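Below is one structure. I have some questions about it.
Letters A, B, C, D, E, F, G and H mark the chains as written, and numbering starts fresh at 1 in each.
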């Protein structure tokens, strides 16, 4: 009887195990690359994960990489891999020599309120680019200096972007302003810029969630990866139909 | 001299005042209707706003309406207006008799984890519908009972929805699960369901922001309005190009 | 091509759908009954869920039930169902006339620090009882009056309980004290008793998580349901082997 | 010896007691009236305080008054006192028949982002008015509808206001926008409007503290009293010198 | 009289002092070893505690050891002691040469969601092992990659584990998923992995406390020690009866 | 063997049980009466506890009593008990006809910053009085009106109080001011007066903990009971030696 | 049709772009200099911003500068610029040789409670000075040592300051005390001094927001820049009329 | 007229200035020494303060001193001063050669739960000692090992201590246990020991404020200074009368 029970349990788990392939299929279909959060991993573990991912998918993206991690990886990965290192964004993209990069046609615009928001914006840009989008950027367009906003925003609208990523710290008001001027969805990214009450991005995150402007959705503080991925997903879905015209 | 300065200040503000029209234009272009947060407004103020908005746009949506507010409005609005009242969602839609409703072709799917999440989902559904989307819903598909998820999700994918809204309280895990199964963007909505540490939707919101799944963006706790609007914006942008095929 | 892709997506979801049965099987195997959180649900929804669950499993437990919910359910459920109503714990257990209650042999002891903790303890007691455990209780054994602790604790150890649930509010020290005296696992339940800094159970929860005593695991504030279920699971696993002796 | 010590202690306290008159003098000098926070006081206590203050200064302002408090006071205060009751702001101003109201010439402008912010703005308006300022108001000028901002703001600048009070809830961005357009100091007041993360005015307060715009200082959430008083102090100091021209 | 009172007080305390032995007995009975939190202790104090504990019990476990502490201890402890050093888990186990290790037969399975969770899992593993359990581990089985979960989970169930420890950071969803698949109690351990709102393990902890899945109890963030101890206590209690079969 | 183990466990607990008397002795020695927190207890439970305590000690104090609780108790307690009811403080003191009240000679002064702090001060006063202290009170001496502070403070020092309780809400500055003027220990009690950031007594509690003034210790927000008890303990210890002079 | 829509969108944005000049005008009018938050910017970015700002306005102020940033700037800026470096305040002011500094006549007083508050006060002083104010300072006047407050405060009043900046950490009571003694507006600045509950300036900020004293407005924790700017704006507005006398 | 007003203002402040001496008198009377929080002060400022205080009072105590600060002071203070340096407590006591140390006779006992709490306890010990108390200490008496509590506690009671300081981190339960055993007031000090939810002393602080035990008052996290001062004040007041016997 007890053995029977155990058998049932195991069978159940096996059935579920069958869905494993689904997950792999999804990456192929959607073009979301393997992205590994390096932060909190010891360099040896990160290297092992990197090698496996590279083996499996031909490309791996490491985010929030520190120097020790980067050095070990650089020393250890076969020299025929292609590296792109963005120290500001702390992102490393590694591709096998023969990795087949595919463009999907989505168009994403990225704006930052300040200079200190650029690392997060760059993280988002790399993800959206690696997902096959065309990315337009305009950094440090300020809030106190709104006049810097209009020329690049105008250019992005003329280029018919499908989705805007707006990155801001402190009071985090830029996404609300932008969403009031355009008719494409805005992905808002709070950054951990500022000090005092509301520091570490809390104030910016709250403002983006409390916004009176409609057409905004939010990702976590400093999460350029999440912003890049969801914006590229939106843009590529639009592009799928645009291509058919 | 001082007078000159004052003149400069006033002129500057007048220039800015010119942009007023922009805001009105935006509503016409994007199809985002006038949505009024009734909560916190005294019934008399709400009535006045409602009348003005109805006058200006021919349609107004009131969210988080309480009984006292609703009664005053119902007594006072000309009887030839068309009412739709959703008591569960606490939403009232009022249209002038000859309001010209326009379909934009976007397709939005809405899922909820539990029964208690339905009011928020309904709020989102009404907004997306009023923005001219076709909306598919499947409520109470649970996490503890994932088997209820698959039939409606399959149907939504077969109907080729452009965006999914996933509504969940407590641990807020459903959006992560859904985002792992589909390749359309997911708008996650935390609800103030649950008690103890993380109550009032805080736990669900955090989980949705911390999620390892990519392709998710979040709106504020219980904010069906924000979710409906951004999802409809995404879906309608896709639809614009689909229509041209 | 696009059709093919859609096909792949749907197939994938169907495969996953196959695991639905697993979830149902689990309930049968583990003896965890259907437990519905009534709080936050409108009475009509709760009734519908109750009827369905009763139909499917022959028994349903409703927690955190308010008066309006209870009245509607009582009016609407066929009169041949068996009711157990615990107003203090705000729990209602409903069973079909011919529901086959099964004892599993686990032994669970429940202690509370104060009188105000009793509703939560009762909630846990009902869950553990419905999962087929023998439950021993001793309420209001205090901290300021530790002398009340020893007689019932001694009796529980003599009865060889497999797991203790210890319920406490305010500074939440009782689980630490108890865990220092016994060698069975302690499930600690903080309650929302007390006022000032640390009110609503936060202080008790933190103390239980920060405890220097080993052998303690914690459930959420006021969550008698979670405590009863995990304690019964522990006790019944022990009982499975005890029965075989 | 001990007696000597006690003597020293008492003498010291007596010296300090001499400063008592200072406090009374201050109210005469600055024109800040007696303002009593009614909230949290039982009606009988509030009545007693009101009578004493009226006796001493000829005028008393009660803020955050509830109905029970108001009824008792109205029943009990001699009928020849002059009442001004603002139910929206929950403020009651009571003056002796022969109270000598003095104008000080300061000019204060008050703007609110939404309709729900009006009670707080009205509270500020009454305080500034009672401190002898000329007050200009423009309510519900929105953020999503900035075009409503410019006409009243222009008018206020033309009227040469000395200080602006800007009241806003939710993301609290209006003070930042206004401070970017004018060259008078802005007193920002967050209100407890909005729901979800950052509710109860927390998000608005943080945004006002984190603002990139310079020229802003902040008072506590919903504190129209504090805003009115500091703005009137600023404006009246300016007026003191303007009068001399 | 006063002397009498003092006598009573001292007598009372002496009576209580008699229970001292109880505490020592408990360690012998339950097999919970001496575990010392090294963090926050200066190396000299830690050394002194270590020597005493080793003397008394023949074995001591140090958790969260930093390099300075470890070096001093290594230099100072007699060379015939047996060391096990786990740098990843920052745990040091020291045993006297003739320490008599005893197996108790409990079976504990440990799963982690990610690579960064491994140090906490290792801490738990060492504790459960030192308490005489057989421990099965499967690390980095992901959430985004659920397919990695099933093979090791199946193996653990086939090995008939008595309790599962599930370690996860960020949104902390793995314990809920696992508890939905098995019928043994789950001890959930949140880890301080992730960044942004809910960082430092807060999001994971809340999700584990708010979970809809039943059969889960939680320990504090990063507390592998607490998880290992309570899981071993559960497993060893089961084993006591299993051995008798 | 197993039986032997169980025996050891039970014996250990019995030994501990012996200390029960200690706790009772303590109440006799220190004069701290039985104080029951009524809040959160159902009236029936409260009645039962009250009867038992009255029986055991001849006196019971109930704090934070609501109307329903009070009515049931008044209806049910034998008419020869002596009641003192303080509705403002929500405290009820019940004594048996022949309860022997004992004075201990300590002198406690109580000051409040505002009128709204009086209920908490009264709670403290009753406790200190019931512990046999002579209590001096001065309420509503303000911060904005410091001149009201000096006369009563002078009187208290002249009366040679042993300890001061200082009760304040909002910014909670009064204890710091008082501690700077006197050389007796100050027990600071924050109250839940005020609104906005820092409401519910949080701001006052933090200010009292962060104070630069030395000679202050703090109890929880609104906890007149804790303040009264510790102040009386201090004062009575002083009095013990003063009496001997 | 679609092209027409795009045209409308772009035109709208262009109109808004016209307001760019406004922002530049404002700086000229109000005398608020370019202030750059150095914190969080990489040295290269900061240098670029500095050069541009210097070019445009002839003066730039950098706040919260670290050593690496300062060194790069010092090495790179043409040697004919004029530097003022305040290491304590971490502020650098750089002016072109021929920058035309203008005095506006406002008078600002700055007080600090402690020595550790001086860096924030210095930051405020530099801003107010650069905005053309005459600044009076008195640092470390304490709370525990109020006697140090009166001489400098008296001197400031004799000098007829228009606005006071009061800087304090820990319990943050100094602004309340000062506002009770003077009739000029007080700008309160909490500092991140202190440890324990309420650390990082939270306690001081809350006390300043909760204050019973009227005439106080607050800026964010440690934000000398915001305090200096708003105080100078107030003082210069007064001075504008004083000059005309 | 304006001049007259200014005169009144200055006179008022002068009157207040007269109380300056009071503050100095207080230190002489109460024996509370000059204690300077070194943390957050630059070494040069600290040196200056130290020299002044030494000059004025003949003794100064520096708390939370870091190495850089200590080195500068040691190099700069005249060599005939007497140093006591406690590196664990980070406290430095400096006295002039001819400083006249006075004993006041109060007796204070200090207990710590763990080894990591010792630095805070030592800080308290030094303060109480410098205030002329006799201090008894017993460190690391644990909670998990209560048997270590009784011998030293018994000894302290036999020595008739007037006040107990109980220092504890993590769940902070020791003060509650001790207060249940003795009849002297307990000053509870939470320490920033522990990790996870409730870390940094928050859990311990909350437990001490929420405690069911009466006779406890609390100081801020890690604040040995505040605990030592208030305990010494209590003990010395008792001693004043004891000496007269």
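Heads up, the rule we're going with is that a contact is a pair of C-beta atoms (placed from the backbone, for glycine too) under 8 Å apart; a residue touches a chain by one contact, two chains touch by 3 or more.
As the structure is a prediction and not an experimental result, all values here were calculated from the model.
Peer 1: Count how many hops through touching chains it takes, at the least, to reach chain H starting from chain A.
Peer 2: 2
Peer 1: Could you find the chain whose CA centre sits the greatest distance from that of chain A?
Peer 2: Farthest chain from chain A, going by C-alpha centroids: F.
Peer 1: Give me the C-alpha superposition rotation for chain B onto chain C, in degrees, nearest 5.
Peer 2: The two chains, chain B and chain C, differ by a rotation of 90 degrees.
Peer 1: Counting only Cα atoms for the centres, state how far chain D is from chain G in Å.
Peer 2: Here chain D and chain G have centroids separated by 25 Å.
Peer 1: In whole angstrom, what separates the CA-based centres of chain A and chain G?
Peer 2: Once rounded, the distance between the two centres reads 36 Å.
Peer 1: Please compute the C-alpha centroid of chain F, do the same for chain G, then give the distance between them in whole Å.
Peer 2: 47
Peer 1: Would you mind listing the residues of chain G that make contact with two or more other chains?
Peer 2: 9, 12, 16, 19, 21-23, 26, 29, 144, 146, 180-181, 183, 196-198, 202, 205, 209-211, 214, 220-221, 223, in rising order.
Peer 1: Given the complex with chain F, which residues does chain D contribute to the contact?
Peer 2: Result: residues 6, 9-10, 12-14, 16-17, 19-24, 37, 39-42, 45-46, 49, 64, 201-202, 205, 220-223 of chain D touch chain F.
Peer 1: Which residues of chain D touch chain B in the complex?
Peer 2: 88, 115-116, 118, 140, 144-148, 150-151, 153-154, 157-158, 160, 169, 181-183, 193, 195-198
Peer 1: If we count contacts the way the header does, which residues on chain F are in touch with chain G in the complex?
Peer 2: 113-114, 142-144, 146, 170-173, 176, 180, 194, 196-199, 202-214
Peer 1: Name, in rising order, each residue of chain F that touches chain H in their complex.
Peer 2: Touching chain H: residues 22-23, 26, 29-30, 32, 35, 162-163, 180-181, 183-187, 209-211, 214-221, 223, 225-227, 229-230, 233-234, 237-238, 241-242, 244-245 of chain F.
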